[in-house]
Every structure is written in C-alpha cells, then in structure tokens.
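One chain, chain A, links the two complexes that follow: it is found with chain B in the first and with chain C in the second.
Entry: the complex of A and B
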C-alpha cells in the first residue's frame, strides 16, 4: 500500500513539475487523453471513421519525419513503404486466410525489407538526387502491379480484406492506440542518442564521418525504422478500409505526406501529427458540403501555401514559439507569461 | 516495328527535351525544384484550347498568346509565392506542389474533368520510311527543334544568356559582381516555363488534355533530369532521348508494355544513378556546407 502511494506521489510530482509547467506538454497530454476518451462522449460513426484515418496517416507522417526531418534523407517516395505494408497484408489475408493480427506485423516486416533495399540503394545519393530517385520506387512497383493484374487486382486493387476488429469503436481504439504507441516510440527514438546522430548527419555528414560515426549504417537504420512505422500504417489502412489499391502507392500519397510534415514542422514529430489531425479532418469535412466538394483540394493547397509564406518553419514550431520562450542562459523552455526562468532564475527577455 | 520505335521515340523525345531543358535551366540558376513545371505545360494546353475553340482565334495567334499568357502567370507566381521562401528548400518544394494542385483544381472547376479534344493545325499524314506520321507530330518535331536551338542561341550568344550561365555557375559571385540576381532568376523562370508552354501548345492536339495530364510527364521529366545530371542542359537533352527510346521500345516490344513503360524508364534512371550518382553529365560538387 505504501509503495503504491509513494509511486502515485512520485508520478504526481513528475506530472506537476515536468508536464504541467509547459503549454506544449499540457497540450500533448490533453490531446492523448481526449483521443482515448472521445468515443465515450461522442461515438458518431463518421467522427470515429475520420479520426481513425487521421490516426493511421499520423503514423505515416511521423515515420516520414523520422527519415526526412531527422536524418535529412528527403524521400519523395515514402508511399512505397505504406503500399508494401498494405499490399503484403492484404495479399496474405486474401490468399492464405491468415488472421489480421498476423498479417499486419508481416506487412510491417515486408516494409522493413523494402526499406533496407531502398536505404542501401540510396546510400550513394544525396540531396535532390535522392528525393527524385526515391520518388520513382513506388511508381516502378505500381507499374509491376499493373502488369500482373491476376495477382494485384490491377487498377481495382485487392478488395474485401478482413477487418481485425468489427465495430467502428474498436477499430478506432486499435488505430488510436497503435498511433499513440508508434508516435511516442518515434519521439523517443528522435530524442535518443540515435536521434542526435541523425540530426548530425543531416547538418553535416562529412563532419559526422570525421568524428568516427558510421554514417551509412545510421542512414540505412533510419530507412529501416521509418519503413517499419510506415508499413504498420499501411497494414492498418488495408485492414481498416478493407482495400489495398493503387492509391496506396500513388505520387499523390507521397506528396501528401511531405505536405503534412512541412506544414506541421519538420524534425519535430509533434508537427506532422498536428498537421494530419488538422488537415485530414478539415479536407474530409469540407468535402461533405456541396459548396466545397469541388474546391476542397484547392482550399487545401491555398492553406498550405499561406502557412508556408507566414511560418516557413511550420505550424507546430510557430505555435510553440508563441506559447513558450527559451531561457537565454540555460536554454530550457518556459511559459511565455514567466518573467524568470523556472530552472536557473535568469531574467527572461 | 523498328520504324515505329524510331519515329515515336523521336517525337516524344522532342517533347521531353523541351520540358527537361526548361526544368534544368531554373534548377541550375536558382536551385528551384519546380514540381509545378508540367502544370504550366498543362495550363498552356488549356489556354490554347480556350483561345482557339472558345474565343475562336486562329492557330498562330492562339498559340502565341497562350505561351505569352502562361509565361506571365509563371513570373507572377514566382514573384508572389516562390521568391519569399526561396531560401528554404523544402518550402519551395511544397509551394510548387501546392501551385500544381491549385492549377489542377482550378482547371477542373473551370473546364470539368473530361478529356478535351483539340483540332490539329493540319490534318493528314506523311509517310516517312514506311511509317504514317501525322502532320501534327511533324509540327511537334520542328517546333521542338526550333525552340531548343533558340534556347541554345539565347544562352550562348546573348548578354542575357551569359548572365544566366554566370548565375548558374555561382549565384553568390554573380550577385557580388553587381548582377541583379533576383531579376535574372525571374526571367529564367520565364524562359524555362516558356519552353514548357510551347510543349503544351504543340501536344494539345495529339495527347489527351485533362486536369491530370501534368502528372505523368512530371515523373518522366524528373527522371530525365536526374538521369542527365541536375542542372545540366546537355544532360537533359541526352536523357530525354534515352528515356523516350526506352519507353518506345518497351511499348512496342514487350507484352503489356504500356503499363510497364514508366517502370522501365524509372528503373533505367535508378540504374544510371547507382553507377553515376551525379547523373550522366552532372558536376560533382564539393560537399556544400
């Protein structure tokens, strides 16, 4: 009993001193709790569906951020990992009638293999060459799938894939819980020593190599990790939509993820997730009105353009800079209302 | 079949070369990866259709006016959208993707999503080496050749061309030598999009014109440019014909080749990049820091 209360006291102190002092951390906490509690107060099927999709795409966007934002390998063909995850799990589920709980991890594993291949191929390239070369990978795969319609279903894709869980609410919880775990995992990876090395590779690869870091290994690892999360997202997508079609490999999806991440703010993890949770429901919601159905994508593009012009670093960091300021002496963050730093008591400008 | 491959490759190669050379020009000068490049090509096809069919102008006036209009639009877009974010590489990418989507959706609203048929300048066929080639395709070939040689003359025999080459060589030094780099970049955008607009006008009667027509050539154009070496005009020319012939051979000689032509062309690009990561004619830069 004592141990339990001590643990409770410790976690409460942690919560009060570490989380509740910064608006950004409060926002993340409130967002996670709200997602978990939402079905209890508002179980509308349409809302469940939109947020489930947003959660799936949030994993995908965060995985791109790990690769492009952290290690600077700006891939324009991230859809290949999503598509490989989706097609693999759909094919296994369809032809071998395996349980979705088995096909989803296998789909992610296939995406990891694919990530290793792409990562090894991309080691020799950098910058714009890498972006444009990666763009071609999903399109090559798409061409092969179209050439083998018996296997892939051609333009229609593989439909009638089994769902892992049946009701909308349980699908919602599956996607949201996997999303929270993955995004937390990606954030942890980005915060670790590994993430630091990825930052270093992006900033200056030569200096990084000169400091004795095996940069090719880290770059391939970044591809592997990023591909695994994107593969999970793809497998979830296939089992939720009950469909793995060409749309999972198209250029539009690869561009979409780039838009989300740049809009939200690169190399932040929270930025892309924020962007998906704003932009995906917004475009879906606007599509519901007759007035907006035709101009939906137009509105989307204009919003993105305006955000870029006024906040080039993305929405997430922009908001965070408004709500918090950095202590000039110890570089820790403080609420914008404070006059003194909460850690070193230096005067805040 | 051999003659078919020869002629198809030549005609498509001309179009691809127009697109890729324009893209290379602006990449070389301002390091802008202009995803909206082929959207301007689509825009000019639509402008041509509007002026020719809806307004009822004759061919020469409509095509000339379409190109001029699109060039003006592109320079305006550059001034308003690209220049403010030019320092941020990722932002430029997104901005140009967004521009492309804006054009696509505007055309979808303005003209509808269906295919638009545009009459050719001259109907009928010519027989060359046993292959029937429509006059419109011959026009494409001639126009492409004229436009590309015009660009070469502009680049190598005019003060403006000298300025473009200087800026492409080193933008900062060009700036230090007192050149108005911003204006050079803007006019280069004009020239670069002008080439795409010319391509758009001449292909309009041959290809399908619909609001998604910019996506397929976009991928192929990027493949060509990377294959030839980013920013290298010579490389873009060679790359355009390599890719167009690979496509033509795949379509005519491989079963279900129409699906595979893009995949094969892109695989060739990847293969070349693995062998020469800077492309065929690319320059190996010292690592930029």
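Entry: the complex of A and C
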C-alpha cells in the first residue's frame, strides 16, 4: 500500500514538475487523453476511421522524422518500409493464416531487414544523391511485385487480409495506442544519447568521426529504427484496410510524408504528428463539402505554402516558440508568461 | 410580439415539413473520382436517372412514392486508396446513404467493398473490371452478397469481347482480301494491367489462324511511335492490336495516318473512345477502332434515347461509367419489386433480375457479375471513319446484330 502511494506521489510530482509546467507538454497530454476518450463521447464511425488512418500515418511520419530530421538522411523512398511491412504482414496472414498479432511484428522485422539493406547500400551517399537513390527502392520493389503476380496479387495487391480486431472502436484503440507508444518511443530515442549523436552526425559528420564516433554504424541504425516504425505502420494499415496493394509503395506516399514533416517541423517528432493530425482530417473533411470538394488539394497546397512561408521551421516549433521561452543560461524551456527561469532563475528576455 | 411569434412558428413548421420530406427521400451515394472524367460520367449518368425518376413521382416503396436524392462522394481513388475508404464510410455513416453506386480503380474498390460489406450496405459497382471483386462473393457469400457489378463486364469477359471482334475482322480479311492468315502486330503500353491480355493474345491469336509478327511496348505517354510503326510496316502487319489506355493512343492513331500504314488498328484504345480523338489526331486517325460502351445503336431499346439525351444535356457522349444510370434504374426496379430498401431483402431480387438497361440486358451470375453473351452484356466496337465514330460490332456475332451498326472499313492493304 505504501509502495503504491509512494509511486502515485512520485508520478504526481513528475506530472506537476515536468509536464504541467510547459504548455507544449500540457497540450500533448490533453491531446493524448482526448484521443483515448474520444470514442466514449463521440462514437462516429467516420471520425474514428479518419483518426485511425491519421494515427497510422502519424507513426509513419514520425519514423521519417527520426531518419531525416535527426540523422539528416533525407529519404524520398520511405514508402518502401511501409510497403514491406504491409505486404509481409498481408502475405503471412493470407497464405499461412497466421494471427495478425504475429504477422504485424514480423512485418516490422521484415522492414528492419529492408532498412538494413537500404542503409548499407546508401551508406556512402549524402544529400540529394542519397535522396534520389532511396527513391529508387520502392520502384524496384514494385517491379518485383508486378513480376510475381501469383504471390503479390500484381496490380491489385493482396486483399481480404484478416483484421487484428473487428469493431471500428477496437481498430481505433489499436491504432491510437500503438501510435502513442511508437511516437513516445521515437521521442525517447531522439532525446537520448543516441539521438544526440544523430543530431551531431547531421550537423557535421566529419567532426563526429574525428571525435571517435562510428558514424556508419549510427547511420545504419537510424535506418533500422526508422524502418521498424514505418513497418509497424504498414502492417497496421494492411490489417485495418484488409488490403496491401501497390498504393502502399507509391512515390506519392513517400512525398506525402516529407510534406507532413516539413509542415509540422523536422527533428521534433511532435511536429510531423501534429501535421498529420491537422492535414489528414482537414483534407478529408473538406472533401465532404460541395464548396471545397474540387479544390481541396489546392487548399491543402495553399495551407502548406503559407506555413512554409511564415513558419520556415514548421508549425510545431512556431507554436512552441510562441508559448514558451528558452532560458539564455540553462537552455531549459519556460512558459512565455514567466519572467525568470523556473530552474536557474535567470532573467528571461 | 404576437405576429413575430406566429412568423417563428410558421418558419419552424416549414422547416419541420422540409426535414420530414428529406427524411422520406431515398439517398443514393454516387462514388467516383469526381475530378476525373470517370467520376464526371458517374455523376452525369446518375443525374439523368434521378431527374427521370423524380419527374415520374419517385420510387414506389410499399405504399409511398419516395424521391431520389443523390449524394456526390469524391473518392479521390486514383490518387489515394485510404481517401476512397474514408469517403465510402462518410457516405454510409454520415450521409446515411441507402445504396452505394460507383467506384473505378480496382484496388480502391476492393478496399471500399470491405467498408460497404462491414455495414451490410448494397454496393452496385460501376467502373471497376477486376474479377476478384466478384470472386469475393463466391468465396464468402454471406459477407460479400451486397456487392453487384453493373458495369463494365469483368476483365476476363472483356478479353473474350476483344478476341470475338478480332475474329470478325480477320474473317472479313480472309473473305474480302484473300488473306488466309492475317498478320497481327501487338502494341501494348508499358504497364502492368496489359500483361494478362498481352499473354492471352500471344497464346490465342495463332489458334485463331492469325500470326503474331511482333510485340511493341512503348510508354503510355510516348509522344512518338514512328520507330515502332515503321517496324510494324516492314513486318507487313494487317492488324495492329492495341492495348493502350494512355495518351499514346492518340499518337499511335495520328502517326499511323501519317505513315499511311496499311493496317487496321483494333483493341483497347481509351483515347479513341473519346469524342475529341479525331481532332487530337489532326484528322489522321482514320480506321482506328476500339471497344466501347455507348453509341447511337440499339443495344437495347433504351440505348439511343439515353445517348441522345446525354449528348444534348452534357454536350458530350457518355463514357462507360455513365452506366450509373442503369445502376439507379436497376435499384428502382428492385426496390419497387421488393417493396423495401433493406439491403438483405433486395439481394435475392437483384440476383433474379433481368433488367433492360441502356448498355445491356443485365442478369447476374453466382459471382454477382453481369452475364456475358448474346442478348446479355456484349459491349460494342467502334471505328473512326472520316471523323465519325462508327459502331461496327456486333454484326452477326452469334446471331446478334444491333440496329445501327455499319461495316468496318479496311484500309487498302
């Protein structure tokens, strides 16, 4: 009993001192709670479907941010990991009748292997050369899938994949819980020593190597981790849609994830997630109105361009900078209303 | 104050009356890529059906007549499969559609089919040709029984139509030109969808006493195919069998005319189905022929009036997705027969239906696919002759000749 109350007291203290002191953290907490409570107060099947899809794409976007935002390896073919996760999971489910609870981790593992292959092959490339090289991988895989239509279902893909859970509410919770866990995991990775090294590699790889850091190992590891999360997203997608088709490998999907991340703010994790949860439902809801139906892509493009014009670092960091100030001395963040730093009491300008 | 209250009460009553009337309407969701030609035709065909039905008082459901209300659902399926599933979910759960009609891209329609079946909602497919959609019904009838394909005919039947027309052309060549074994050059765009048909052609044509002189696969967006056509000319081809959906179809027609290639082009050429083909080829696309769905010929007694009315209203000929008209009319007949709009009760009625539509007489097989054959669904073939798209097939095919077909013209070989 004492242990429980001690744990509760420690949790409350952490919540009060670490979360409730910053608007950005409060916003994340409210958002997560809102997502978890939404089906209890608003069980609209359409809204749940859109948010389920947004949750899946949020994992995908955050995984790209880990690779491109943190380590600076900008991939234009990130859909390959999503597609490998989706196809592997769907193939195993369809041909071997394995449980989705087994096929989804295997799908993610296959994406990890694919990430290792891509990472190793692209190890010596940087900048635009790396981006263009990565773009070719989903196209190669598409070619392979089309060459083996008996196995892959050809241009139609694999349909009738088993659902992990049946009801829309269960699917919603599955996607949202996996998304929250994955995004938290990616954020922890980005905030760790490993993430710091990735930041350093992105800023100056030569200096990192001169400091004794095995940069190739970290770069490949970034590919592996990023691919694993993208693979999870792909596997979730296949079991939710009951379909893994060529659309999971399309270039449009690879570019979509870049747009989400640039819009939300790179190397932040929360930025891409915020972008997906704004842009994906917005464009879908606009499609439901006669006035916007034909121009929704134009509206989407205008919003993205305006954000990039006025918020070059992305929407997430822009909002955060308005709500919080960075202490000039200890670099910790404070709510914008404070005059003194909450940690070192330095004056905030 | 009193007058104001009366006005308010009157307004509320009017609003309540309008809501009650709207609640009585039958909501039909028209699903399609509305920014593309296919979606536009889905919607245009549906508008024609709606206006016709509502003008006649509506659909008789039990003892009451109910008006048709269309709900336009942009699936955006050509660009995004998830968008399509969200759209159909919205149609079912938000817009409360009573029936779903449309769809185009097979991969997206498969995903949409799942959502519709989850909700046990009747889904009349107009646009996707892949046989898998019907196979699902056979493999798991209880789940997929709400799916029916109205148009087009499924992909395997499409191939049967192509070979039937090719056979007619080759017979005419044997008879009129004394060529016992016409030579066929296959031009298929570089794309995945052509592969099954390409393989079938290579296997089947020799059995039909036609020799294949070669296969050429330019890009679907190629803007010059003179190299391919020169090679085809040297190979002495009598027939250019086209499997083309992209803009290369225009280039092929124009350059065949420029090179005065002594061969007739037939097959699938989506661009040649469009009204603007002749102008796009700078009047050089003579003799180019293709499969099509609508023309001013009597496929059924309803075809010519429908095509004429469509042209008059929309200033263009209907494309195959305008068969949403047939789907709505089939739905109307079914509901009136069953006396209900409940999907479960409509399924057995549609299974037994023999609906005379504008493009075919619709009957359904065990897969809920339209039955192909004489007197049922056949499709038609058209040829460009001096700026006019002339229907030439079926002409005495298994006893079927549609009133209004004219002979195909073979270029001077």
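Assume the second predicted complex is superposed on the first by the 349 of 349 C-alpha atoms of A that agree within 3 Å, B and C clash if a C-alpha of one lies under 4 Å from a C-alpha of the other, contacts with A are read in each partner's own complex, and residues count from 1 in each chain.
Keep this in mind: contacts are C-beta pairs under 8 Å (C-beta built on N, C-alpha and C of every residue); 3 or more make two chains touch, one makes a residue touch a chain.
These numbers come from a predicted model, not from an experiment.
What does the overlay on chain A give for chain B and chain C, a clash or a fit?
On the superposed model, which is not a single observed complex, chain B and chain C clash.
With the two complexes superposed on chain A, say which partner A:243 touches: chain B (first), chain C (second), both, or neither.
second
After the superposition on A, what does A:8 contact: first (chain B), second (chain C), both or neither?
neither
Contacts for A:157 in the overlay, against chain B (first) and chain C (second): which applies, first, second, both or neither?
second
Contact-wise, after the overlay, does A:44 reach chain B, chain C, both or neither (first, second, both, neither)?
second
If we overlay the two complexes on their shared chain A, which of chain B and chain C does A:140 touch? Say first, second, both or neither.
Touch partner of A:140: chain B, not chain C.
Hey, is it chain B or chain C that touches more of chain A?
Touching more of chain A: B.
Can you tell which stretch of chain B collides with chain C among 117-125, 153-161, 225-233 or 279-287?
Only 117-125 shows clashing C-alpha atoms.
Jot down the residues of chain A that show up as touching in both complexes, chain B in one and chain C in the other.
On chain A, the overlap between the chain B and chain C contacts is residues 146, 294.
What does chain A use to touch chain C in their complex?
Going through chain A, the ones touching chain C are 44-46, 49-50, 53, 146, 149, 154-157, 159-160, 241-243, 245-247, 252, 284, 287-288, 290, 293-294.
Within their complex, state which residues of chain A touch chain B.
By the definition above, chain A touches chain B via 74, 121, 124-126, 128-129, 131-133, 135-137, 139-144, 146-147, 204-206, 251, 255, 258-259, 262-263, 266, 294-295, 297-298, 300-302, 304-305, 308-309, 312.
Which bits of chain C are touching chain A when the two form their complex?
Listed in rising order, the residues of chain C that touch chain A are 34-35, 72, 74, 76, 79-83, 85-87, 89-90, 92-94, 106-108, 110-111, 114, 130, 132, 136, 192-193, 195.
Mind listing the chain B positions that touch chain A in their complex?
27, 33, 81, 84-85, 88, 90-91, 93-95, 97-99, 101-102, 104-106, 108-109, 215, 218-219, 222-223, 225-226, 230, 256, 259-264, 266-267, 269-270, 273-274, 277-279, 287, 289
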